[in-house]
Structure formats: structure tokens, C-alpha cells
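Note that chain A is present in both complexes that follow, paired respectively with chain B and with chain C.
Right after this comes the complex of A and B.
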């Protein structure tokens, strides 16, 4: 593990906000276990729990908390300066942080989705959801990491994207679904494990290409923005 | 505003020189730094200025954390902006006290050494921690430290790679008098060893004790640069004030009033307060006058050569 990854991981797990992540995955698994225990038909609880909660809420919210936590929190409290005053090419700072954010998000979300998928249908669905969630974690993390360097309100903008663009507009305007990470994740999961529980609105090639483009594009943008990182102008 | 310059004859380590050439920085219509040109060589230099003078903005530009709106900032010929390679030569202790509180001082400094890719990071971390006298507390979490201890830990992290240039923004903040003295000694020794040290402070006594060389910022401009005593002597539009005590103060006052270099004499209980328009002419003439009048001068003290008076003159100008 690189020194940047080590500091990032220590910082992430050392902050109390990390504890905020635990209830959502537990709720996901709890609901799946409850529905299964009560013999509710998977067709009835699968879509709202797996997609409505798992992919539409748990994945993006966890990715937002972690993605902004690995860099945004350091920018907010000023500790990022310690890493930036080192003779490291900026990609050697952004990539380890992205790896930590993606890894922790994927681990936090993929495992509950795997369990919920198995309970809802099959191991294949569980694996499909886990793989798609991991890819989604990468795309979301790249997006939120870049937002930390593009705006002083990354959490607010990230929430606006998740809640308004993906959550609200996605239900009324079909076109917005093409630029929705949530829809790409559903399409990929449906491709890995086709079931009636998942209904993709975007074709798999489009989802795969856009996931790659967003992941790479926002990572490159973050690296470039970090090269020009300015400390807030004080004139004292 | 005219910049008063009293630069040393030649920088002793040009390889580590930090150069600012015509540097300006503005935010919209607000000019924070206005056309500053300076060259920092080996030794300790104090960066002074009232609040809002642009000191921190200038330090940020020097450290590569702010792009100049105009002009260039270079370290050993390389631009500091968008150039992480300069941090091989540069160390920064910023004003903000942020430190990773979840790490111990040793872990924090060791991480810095590793990020610098030092050959023996453990030894470098131990050396830097010893320099700031933090060895006894190095295994405690930084979150449990006092303000002064955190500050020293940050200085250790900035020194771990033995940088040629060290920039410190208000480094004595939060330190107790003993820690302050130790830090002053450390900066002195680094300067004597050929390092380029620039520190900002709003406490004039600190600057006076650590460094004779100052860069004075006023309203975004470089108002004065060099040794502050020399700067004072270059302020010919302000009379120099001396406290003089002699065997016959009254007779000396009469004799001094005839001197063209003397602009005023005040006779007090403890001696004379003499205002002289020309520092050199007065100090050359006084012994001769005293000899001629048969008066013995017991005390001659320049009263407004302190950094405080130099600074106040510059700010008022």
C-alpha cells in the first residue's frame, strides 16, 4: 500500500462520518432477510429493495460520503497541503485516493448487494449486482473526487446529481437516463445476470462505454485540477 | 510607494535562491500583491506587514499554491507553480494548523519522509523529530498535542528532507517562550548553514530577534527590503532620534544646536534627546564637538532604530 493510500485509509476510517455508512448497507440486508423470512415474492420486494434502495440510494450515497471524504475532507481541514508539498506527480496522489474510495465503496455496497441478490433470486444475480456495483463505485468515486477539486460544495453538488438528476429527472425525462450512473449499473447487472427483477433503460455497450469514459475522464480532470490546486486566497 | 532596498552585496547560495519578478496577484478588482520583485538567498529573512498586506498571498505564490496573476516566481530557476518537483528543495509550514490528528508525530514525519522518497526515511524522520525536540512525545497521537507541539511536528515534517528553502507562515504561533527560543535558534542555525529561510510574523520582537533582514509588505507592495537598521538609515526624510547622556548635557545641547545635521535637542532629566537629519554626519560630528567642548559623552543610543519604529514609519508613509 502506498503512503498516500495509507494516509487516506487512516483518515477515512478515523473520521466519525465513516460510521454514517453502516446503517444503509445493514438496512439493505435487513430488508432482504425480512422479505425472505416472510416469504414475500421476490418480484414484489426485489425491484424496490435491490434497485430502489441498493442501487439508487446506498451505492451513490456511500460513494458520495467516501469519495468526498478521501479528498474533500482533507481540502476542508487543510491537511491536503502536507501531501501536496511533496515532489509527487499529481496522478500519484489522485489514483491511490481513487483506489481507496472505489475499494471501500465497493466493499461496503457490493457485499450487501451480493447477499440481497442471492436472497432475491440466485448467486448469479448477487454476483451481477456486486460486479455492477463495483463498476458503479469506480464511476461515482471518480465523479465525486473530481467534484472536490471543481467546487467548494462537492457534497451538495453530488447530492443534487444523485437526488435530482438520477432520482427525480430520471423518472420523468427518459433522456436523462443516458447520463445516469445508476442506469449504467442496472444495465451491467442485468447483462451479467438477466432476471425480471432488473430492467435496464440503457444498452449495455452504451453503459460500459460511458462508465469507462466517466471514470477515466473525471480522473484525468481531477489530476489536472490538483496540479493547479490553489490555497484559498487570504490577504492577511 | 518607493521600495527602500538594503540588499546584501551578493547572495551566498544562488542555487537555492527564490526569485520573484514583477509578481502581482489580484482577485477581481482587489489587488492583494502588487508588482513585487525580490530575491531571497541564504539566511533568515522576516516577512512583515500589517493585516491585509498580502504576506500570506505572497507566501502561497512562493510555495506554488497560488498562480501569480502577473510575473514569475522561481526557485533555483524553476517555476514553483504547477511544478511539484520544486518540493525537493522547498519546505512549507503553512499558517493553518491542520495536521493528521489520527497519526503519531513519528508516523506523520515518517510519512513525509516516504513521500519524499528519501533513502532512509526512518533515520530522516528521527533526525527531524530530534531537531524540534519532539522525541519524547513522538509516539503519541498528534490530536493529543498542544498547539506548540503540533506546530513543531509540522516543522519537523517540513524539514525532514533537509530543504534548501524553508517557508514558514507565523511559525511561532502557540509556542511557549522556551519552545519559541528553541525554534528561533533552529532557524538561525539553518540560516547559518546556508539554507534560505523566510518566515512571516506579526510580532515585531520575534522578527527582530530572529532576523536582521526583512521584507516589509504594505498594502500589497514591497515597501522595504534588506537589513532593517540600514533601511532606517536610508529614511533620510525622518530625523533619527538619539538618547545622549554626558557630563554636561546643557552645554552639549547648546553646542549641538549649532550643528547643521541636528534638527532638534530636548533637555530632559536623564539626558538629551537629539533629533538628527543625517545619521552619518551626526555620529561623526558628536565626538569632535564633545572633545572641543571638553565634555565626556557617557551614552549614545539610537532610539528609533528598532524594527518597530522602522515598521511604523513604513506603514505610515
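Right after this comes the complex of A and C.
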């Protein structure tokens, strides 16, 4: 484990900050257990809990907070200079941070989704959701990490993407679904564990290729941006 | 003893002896500054991007609905349905504006400067809250006014048509005010907990978004009472339920798609819940500002 990833992990978890990550996954598991205990049909509670809460809210929001936290927080308070002045190639800074962000996001989201999936249908659905959520965590983290370096307001831009592009436009205009990470995740989960609970609107090969493309593309972009990065104060 | 060598020059320092504006003026100035901050007025172009993006989208939607109505005579959405349909954008606006209002002051440590004026701590919080409420109400009310103007100018019944349209608009504006009060009090409370704008924005969105699926889950529970009470779980459905109870037919005319929410006979309970929610958030906000900024 490199020093950069160690520093990043400590920045995320230090001072009991990890407690802030707990409510969302706990809510997901809690609702699944509650529905299961009350014998509600999985066909009724599966879509709102697994997709509506898990894949559409918990995954992007956790990925946004963590993905911008690993780099954006250091840029905000200026301590990123300490890492940038070390004789490290830029990819040795971006890749560990991306790995930590992806790992933490995947662990925070995939575990409750696994539990909820098992409760809803089968172990296979749980595993499918967990795998898809982990891949989605990679794509989201790469996107939000690159946003930190492209703009001074990464969280708001990320929120605009999640809320307006995936949330609002995705409901009204079908075309935007092709370019939505959330739909790719659903498609992949549906491919791994075909059930009636998930209905993907994107074909699986397209989803897989685009997920890989976004993950690699935005990572390369982030490395490139960090090469010519200038540290400035907070925007007025 | 010789003459004293040192001399103190009078370089013209003067005390201010004019009238001093009191607490009310401080409150008013802070309120006005807050409303301007929410829309990024008087600040750099970068600070205007996100507020005006939201305003622009809402205006375009309202203009589109008005154009369809003027051309084809078909009511796409009523004033209340407009507020409901734009819920996600309102949440986004709160996530943009609330951290700008309070988190920046926390982070840059200027609160001691504010509180060294004749400004009680509660006034600071209330002025910011009033500013956010006003900004949200303007955000929803402006496009509604646009829709009203379009409908009024294209009505076929002369002044009677305009009057009927006005009677439709007023409950819509009242409903927009309800949205503004509930969302502003929750959003400002979350934002006042952290000095980091990024965390504040994420926290606000998390609070609003994670509650919506709870409603979806509760409304399929095998108990009619739980189903009718499910809308308590999320601020946006709470507002919708209170609106459909209190203003009912004024918001959505009979026979329109959607109709009112299935809340059974729990309407008064919803109104009380909304009042308690707002009062609780404001109380917590005041408590927060009693302690904060001691550093």
C-alpha cells in the first residue's frame, strides 16, 4: 500500500468521519429487512428499494462524496501542494486515490446491496447487484475524480449530473439513458442475474464498453490534468 | 526644564456622532445580501452559473407549457403540478444556495465579526432562513407568473377569464410558499452543520433523496393506514400531501391526471407534521447558532 493511498484513506476515515457514511447503507438494509419481515411481495418492494434507493441514490451519492473527497478536499484546503511537490509521477498520485475511492465506495454500497438482493430474490441477484455496483463505483469515482481537476466546483457539477441528467432527464427523454452510468449498472446487474426486478434499457455490450471507456478515459484525463495543475484559492 | 520635545499631532480622527441604525437595519441588510447571494448577484460570473442554470431550466419549462397551452388550448400542467414536477431542480437549488449562505461564513470564520454588531445570534440565522425562503419562492413563483401571463393574454373570455386564471394562480403561489418554507428550513439546518460547501451540498441532497424511496416502500406495505401515512417520510411528498389536503381542488382541477394524493383522513396530521418539522428545524438552527463560532 503506497503512502499516497494511506494518506488518502486516513483523510477519509480520520476523526470518526466514516460514521457519516453509515446511514445510507443502513437505511437500505433496514428497508429490505422490514419488507421481508412483513412478507411484502419482492416484485413490489424490489424496484423501489434496489433500484430507486440503492442504485439511483446510494451509489451515486456515496461515490460523489468519496470521489470528490479523496482529491477535492485536499485541493480546497491547499494541502495537495505537499503531494504535488514530491518527485512522484502523476499517475502514482491519481491511481492510488482512485483505488481508495473505488474500494471504499464499492464496500459501502455493494455489501448492503448484496444483503438486499439476497433478501429480495436469491444469492445470485445479490452477487449480481454487488458486482454491478462495484463496476459502477469505479466509473463514478473516475468521473468525479476527474471533475475535481476540471472545475473548481466538482460537487455541484457532479450533483447536476446525478440529479438533472440521470434523475430528471432520464425520466423524460430515453436518449439520455444511453449515457447514464446508472443505466449501465442496471444493465450489467440484469445480465449477471436475470430477474423481473431489474429492467435495463441499455444493451449489455454497450453498457460494458461504455463503463470501461468512462473509467479509463476519465482516469487518463485526470492524470493529464494533474500534470499542468495550478493551485488557486476557493472561488469567490 | 526645557520645552517638551514630543508633540501629538491632531491628524483628524473623529468619532461618529450621527444616527446609528439598529437591529432592524442589520437584519434587513443581511436578508437582502442573502437573497442576492442565493442568485449569485453581486458576485463573480462563476457563482452565477448554477443558480441561473436552474432558473433558466424552470423558465424554459414554464414557457414551453405556456406555449403549448396558447397554441393548442391544452393545459399541460397546473401551477401546483409545475412545482411538483420541478422538485429535483428545487432540491438542486437548495444544495447550491444553502451552503453559499451559511457554510462560507463558517469556513472563513467571519461570524465573530457579525456578532460584534448589534445583531443577536438568532437574527443572523433567521435572516439567512428568510433569504433562502424568499429565493425559493421567487424561483417557483416567477415561472408560475410567466405561465399566468401567457394564459391571461391568450384567454378567450376577456376579463372573466383573466380573473379565473388569477384565482388559479394564487393557490399555486401559496403552495410554492409551502415548498419554500419546508425545503429552506431543512436545507439551511444541514448546511449550517459544516463549513465545507462540498459536504453541505452532498448532505442536503442525501437527506432529500434518500427519503423518497422510503415513501415508495411504505406505500406498498400491507396496511392501509401505513400506506396513507407513508407520505410523511419525505419532505417533498409531505408538502404535496399538505397541499392536496389544504388547497385540494384549487391545486388540481377535477378529472385531471394524477389527482390528489391518497392520504385518507390524515390531512390535519400532515399539516401538523409539516408545522412540527419546520418548527423543529428552525429551533435546531437557532440552537446551532447559539454555540457556533466560539473559536
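Here are a few things to note about the model shown:
The rule is simple: the second predicted complex is superposed on the first by the 227 of 236 C-alpha atoms of A that agree within 3 Å, B and C clash if a C-alpha of one lies under 4 Å from a C-alpha of the other, contacts with A are read in each partner's own complex, and residues count from 1 in each chain.
The definition used in the following text is that a residue touches a chain if its C-beta (ideal position, glycine included) is under 8 Å from a C-beta of that chain, and two chains touch if they have at least 3 such contacts.
This is a predicted model, so every value here is computed, not measured.
Once the complexes are laid over each other on chain A, chain B and chain C both fit without any clash. Looking at the superposition, the partner that touches the larger set of chain A residues, chain B or chain C, turns out to be C.
Of the two partner chains, neither chain B nor chain C is touched by A:188.
Of the two partner chains placed by the overlay, neither chain B nor chain C lies in contact with A:142.
Chain centres taken from Cα atoms put the angle at chain A, between chain B and chain C, at 80 degrees to the nearest 10.
When the two complexes are overlaid on their common chain A, residue A:63 makes contact with neither chain B nor chain C. In the superposition on chain A, no contact is made by A:127 with either chain B or chain C.
After superposing the two complexes on their shared chain, the closest approach between C-alpha atoms of chain B and chain C is 12 Å.
Chain A uses residues 235-236 to touch chain B in one structure and chain C in the other. Against chain A, in their complex, chain B makes its touches with residues 25, 27, 30, 32, 51-57, 60, 63, 65-67, 82, 84-88, 90-92, 94-100, 102-103, 108, 111-112, 114-117, 157-158, 220. Chain C contributes residues 43-44, 46-47, 49-50, 53, 57, 88-89, 91-92, 95-96, 196-199, 201-202, 205-206, 209-210, 212-214, 216-217, 220-222 to its touches with chain A in the complex.
By the touch rule above, chain A contacts chain B in their complex via residues 3-4, 6-7, 10-11, 14, 77-79, 81-90, 227-231, 233-236.
Those residues of chain A lying in contact with chain C across their complex are 23-24, 27, 31, 34-35, 38-40, 44-45, 48-49, 52-53, 57-58, 61, 64-65, 68-69, 72-73, 76, 152-156, 159-160, 162-164, 167-168, 235-236.
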